[in-house]
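Two complexes, one shared chain (chain A), two partners (chain B, chain C).
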Partner chain A sequence: MSNHRSQRTTANKSNLLTGALTFGALTFYASFAFAQAAPTVTIGCVLPLSGGSASVGSQTKVGAEIAVDQINREGGIKSMGGAKLNVVFGDSQSKADIGVTETERLVTRENVAALCGAFNSAVTFPATEVAERYKTPWVVVGAVKDEITERNFKYVFRINNKANYDAREQVDAIDLLSKETGKKPKTLGVIYEGTDWGRSHAANIKKFASERGYSVVLDEAAPPNQVDFSNQLLKVRSTKPEALIVAFYTPDHLILSRQLMEQRLDVPFGIHSVGGGTEDPAFYKAVPPRAVGYYFVQEDFQIDITEVTKDPMILEADKRSKEVLGYPMSAYTAQGLSGVYVIKDALERAGSADRTKLRDALAATDIKSGPALATGYQQIKFDEQGQNTHAHGAISQNIEGKRRTVWPAENRAPGVKPSWPVPTWSERPNS
Partner chain B sequence: MTVSTIPLDRTAPVGFSKGPALALIVLLLAAGLPLVTQDSFFIHSAIMVLFFAYMATAWNFLCGYVGQLSLGHAMFSGMGGYVSVLLFTTFGLSPWLGMIVGGLAAAALSVVIGYPTFRLKGPYFTLTTIAFAEIVRIWVENTDTFLGFHIKGAEGLVVPMVGESFAAFQFGGKIPYYYIILGMLALAILATLIMERSKLGYCLKAIRGDRDAAEALGISPTRYTLTAFAISAFMTALGGSFYAQFFRYINPERNMGTELSIDMALMSIIGGQGTAFGPLIGALILTPLAEVTRGYLGGTFLGLHLVIYGIVLMLAVLYFPKGVLEPLKNLAVGLFRRRNPA
Partner chain C sequence: MDPFILSFAVVNGLLQGGIYGGIALGLSLIFGVLRVVNFAHGSFLMLSLYLSFWCWNLLGIDPYLSAIVTVPAMFALGYFVQSVIISPLIRRERALVVEPLSALLLTCGVFLVLDNVALMAFGPDVRSVQLSYYLPSLMLGPIPVNIPRLIAALAAILVAVGVSFWLRHSHAGRAIRATAQNRDAAAMSGIDVPKVYAVTFGLGCAILGLFGALISPFIPATPTIGLAFGIKSFIVVVLGGMGSIPGSIIGGLVIGVFEAVASQFVTATSAAIFSLGLFILVLLVRPAGIMGKA
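Our next item is the complex of A and B:
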């Protein structure tokens, strides 16, 4: 081709017409080369973008968009000649039938190479079946229903936890802190929202507690949207659990935390909350900081990831998240980011947007560094069912007004010292 | 215009006798659709249109003709879905039979609910239906096991895949589902047409017109409305079973939630309640509208598609308070008359 070009260049000097032709030919070649070098790879993401879970869906969407911008800025998919990544979204409205319809549309109309989503287990479960039928890889983001990766599907991969991991992790953290300090609580209490989520979590806690030698002295369900927790707190006072496990969404958690503070109720080994209200950025704006002092919070995201990571992409994503959403990177933003980077990694290795090749590349995923680990994992590797066996949540403790990760030990930043047992109300400063 | 048609038949269908012929043509066209296109997304969307048309027709069977607004019909849909799925997963009973059992259970439930509530009028009846549906939904969401059946609370039920089998209501492609729901819709419209011309239909319209006057003439409002309620609940439950078999997953939030009830009512009202074809027209307009706007706007301008949907609903209610079917008919009749000046 260089030969061709020099010939033309010589001709260029002698004749204006040839010159024009040359320019045309060069542009043609250039555009041809460009078109060949950089096709666009489209991926689809089904998320709840309107309705009850819209806030979560739009945070995940922002995460995915940040990842796509970063990848394209850094030269796209290099093994595909710098192919640009393009992400299209489908709004599931948290409804199974609409999620399925949107999946059909993304696969057959948008011709996506891979899919991600869909936060709600109720949508992800049937929608991944559509993806499996079309032999289109689906990277599950956010949905925790166990069975999603228990159906022998070939095209479904899940980065995050299964539902039953959360309770085990809370008990693991209590075990770890007990082992580190030699001080171990003997009794646990569980208070929770009387819904599917709260009940199944409490059942799992009781199972793990009895296996590890804790006795559960309080097991109390409360209907959602309470106005007063005095009754439950009286029971805490009378049964005196040494550590209290709590599962509530934002409104209930706000009232519970305020009343715990007002009653100066001491629980020696602290309050252990599982996600829900305590992973909502709005929650921390609505409670006085001392009400949530020393709280342990389990969530599918390492809350202080930006303090421990040196990955420039994760740090930039945190900054972009603040610009777009008004608050730092959340669990959902990180999951969106991670999902796209996992697909990108597979595209690099497959060197093709072919769905079957991409599926094989995803199955061989073994990521140990980079922005795909924005949620705080050490590794992403799928078992034969497509479940990431290295998925784990992270548990933070609110130490001196900052939520710092204390479990697992590998995620703990140097210098972070868990407070165990937690100080009593009268020992706390400003109380 | 003869006097006898005024009080009984408010909707006074123009070209009354042409109705069934027209229906047959539409049905044949619909039946031929898969011959024209096998495109999966298109067939899927068509199934959704027919599903909502069917659900709205089932709702219309009672509410359109008796003039009471039920916003709790989703409980029957949920009941149909849950009963057929549980019978299939627990006893291996074919969903074809399971859906009949679910339908009968829903009909029984409707009588239990209907008996005390049909004395209520207007908003009181509506509020009661919402309350009952919400009680059922919340109860299911919080119940793991009931009489030995694993309801699984808010988690929902999964229909296990057993491979392609007519008895198990599981098919590889979408086309069988398309014909099933088309057949169900045709039967539901046929049932409505028959009812319109039967004693039940006349009595219901009389009750809608003036309940007290109807009662004075010896028509028992409770008896006729309960009959219609039971049939409507039965049909709704069959639709719920279809949904469960088609998506192979149901949960209380979607399959018993208020939104489904509202959708059923909306499609009927926009299309023309109290007419056999109104619900079909409503679904034909609203489902593709929702689909197209969501497809084009849902991923980029969050929520805008719902705003547009809402505006269309408001305009429809403002300009076509009796539903879109009536002006459409008048238009058709106008065109017909102009061409054939009598």
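Our next item is the complex of A and C:
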């Protein structure tokens, strides 16, 4: 309803007053919070607000809320007569079936103009299918499973990396550090959570490893919510990979990292985590610092972005994140922020909340500046499959308690010297 | 298979199995006496973990010392849940026979309420105790044995022995056993059956309180952690024999060692499937469980 009304108020100036009054009456029923003269555009975000990925989902939610507040404060969607943005959330509970029904609800009941979400690849994959069926644009936030943007869908757009990019970047970093030092691991191990994300990451790692001449000696999946990793770690001990690639969400990653320390398991060329748990600020609060020393973390976010950006909106988001969550802007907060700004950009250009027009505007996205780039990209532009080809991650190493970007080499701050190979447990102080 | 890796796997399995067994003790005890399948078992463990965490976080109490808070607190909570929530169900049944299904559904409700209240109250963040001191691993030959896990596994055996002894030799223990055997006869002999029930439920939860404190140094607290342990506890208890105290420990050790050794040959995920296969096999041969009385 609000969509039609908003078109008319912009199209027909003479009817503005009547339109505004009618709209005011309509929105009065719809929402007390937004019962004001300007029309509202409702967007929906499906996120894991409970279940195993709840910590991540709530950070993304905060990011999206910060973006909506900023946009509305700065005058809303200007091409739509200052339309206010309203975001409604659906809780996927980190489960695919719930994510799908929540998507249906947001599309049919909440009548959202566009969707975003859903972090978990296992949820995003089927949920975007629903969005495609209802011809509702979906801006993918967080999920990296390759196939999400490989199905010739018209309504699905992904800002962040594909799993494929993540894996390539991890192997690139190992290549780079080997070239810099002349010391190269020959064998890799990969240990991962056994749902869509972990599995597709492991498959990609294996592909790139064989192309670049590494042999994969360990390939171990574990279902989510483990209480013990000693069995898997014993396999690491017996197969002796020289570098270990890890993909787990926060609770599992925490137990794994602690047990790696407890068992004093040495992996000469280090632990290479592809985010998940190690991207989550809550993780670092819950793990002893010595357990994550020398960790390599690949994430879709430049960890020191607030030191390099001058964008006031990003800096404000970082401040708000500290107030709301108690820690600085994380990859997840930044992704939520970025997702909403990308939709806002498309709304501005479409001048309408019509889903098809919005879809066409999203497809023509070409963002080179502003808070949409909070994750550290230089550009957002989608290919015909809806994938942002300018997405890239950054890899940091935890050196002396600080996570410093080591890859790409251009992003490495002066004075940062990667530790390669990493010291053994017995060589580390206080362990 | 390399004998070093194999013996390492057995050590890991014994440690983890002991912990599984210790956590399952309360479930087995409650079922043995009340015939109530406590679906909220894992949630009580989750609460104990949080309790231990907050003791450490807010009051600076060492997680091991926090047992002096968690054990009585969980006993009180268990006593309360039994006497206020489950007891009316038992009272409604004239012959003091609980429909196992209705009690299961009731505790299932308790589980949903507790897990979601924890999510609302504590948020989804993973929280973890960090010991201020460093416990070096004990070296068993070349095999490092994690001390906190060893403490938890040994405590499981001690608690099992202690509870068995107490049930056998104390007045209250005899009252509990009498109630378990025949509640009508026990009531006629002057035993306050509702009180025995509440004490037993409280005791089952108090054991979880202890284990919450013992595992908090290495298991992080999340609102959903209970389910993982809850399901394992069911498998352990049914395998060991429902209601049997030693059966709970033995069931835990069997599952722990089996999964540890099997996962050296197949992925750990498949090993868990095989352990369920073993579970079915044992129940086919001994339907009452390893230590259960048919």
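By definition in this document, the second predicted complex is superposed on the first by the 241 of 431 C-alpha atoms of A that agree within 3 Å, B and C clash if a C-alpha of one lies under 4 Å from a C-alpha of the other, contacts with A are read in each partner's own complex, and residues count from 1 in each chain.
To be clear about the criterion, a contact is a pair of C-beta atoms (placed from the backbone, for glycine too) under 8 Å apart; a residue touches a chain by one contact, two chains touch by 3 or more.
None of the values given here were measured: they were computed from a predicted structure.
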item	value
Which superposed partner A:319 touches (first chain B, second chain C, both, neither)	neither
Touching partner for A:231 - first (chain B), second (chain C), both, neither	second
First, second, both or neither for A:84, with chain B first and chain C second	neither
Partner chain(s) touched by A:58 [first = chain B, second = chain C, both, neither]	both
Contacts of A:349 with chain B and chain C, given as first, second, both or neither	neither
Partner chain(s) touched by A:101 [first = chain B, second = chain C, both, neither]	first
First, second, both or neither for A:194, with chain B first and chain C second	both
Partner chain in contact with A:286 - chain B first, chain C second, else both or neither	second
Touching partner for A:50 - first (chain B), second (chain C), both, neither	both
Footprint overlap on chain A, comparing chain B with chain C	49-50, 54, 58, 194
Residues on chain B engaged by chain A in the complex (per definition of touch)	39-41, 44-45, 48, 141-142, 144, 153-156, 158, 243, 247-251, 253-254, 259, 291, 294-295, 298-300, 302-303, 305-306
Chain A to chain B touching residues, read off their complex	49-50, 54, 58, 88-91, 94-98, 100-102, 104-105, 107-109, 121-122, 125-126, 129, 145, 147, 194-197, 199-200
Chain A residues touching chain C - in the complex, by the definition given at the top	49-52, 54-55, 57-58, 194, 220-223, 225-228, 230-232, 234-235, 237-238, 250-251, 254-255, 258-259, 262-264, 280, 282-283, 285-288, 430-431
Residues of chain C that touch chain A when the two form their complex	2, 5, 8-9, 12-13, 15-16, 116, 119, 123-128, 130, 134, 137, 144, 146, 149, 218-220, 222-225, 227-229, 232, 259-260, 263-264, 267-269, 271-272
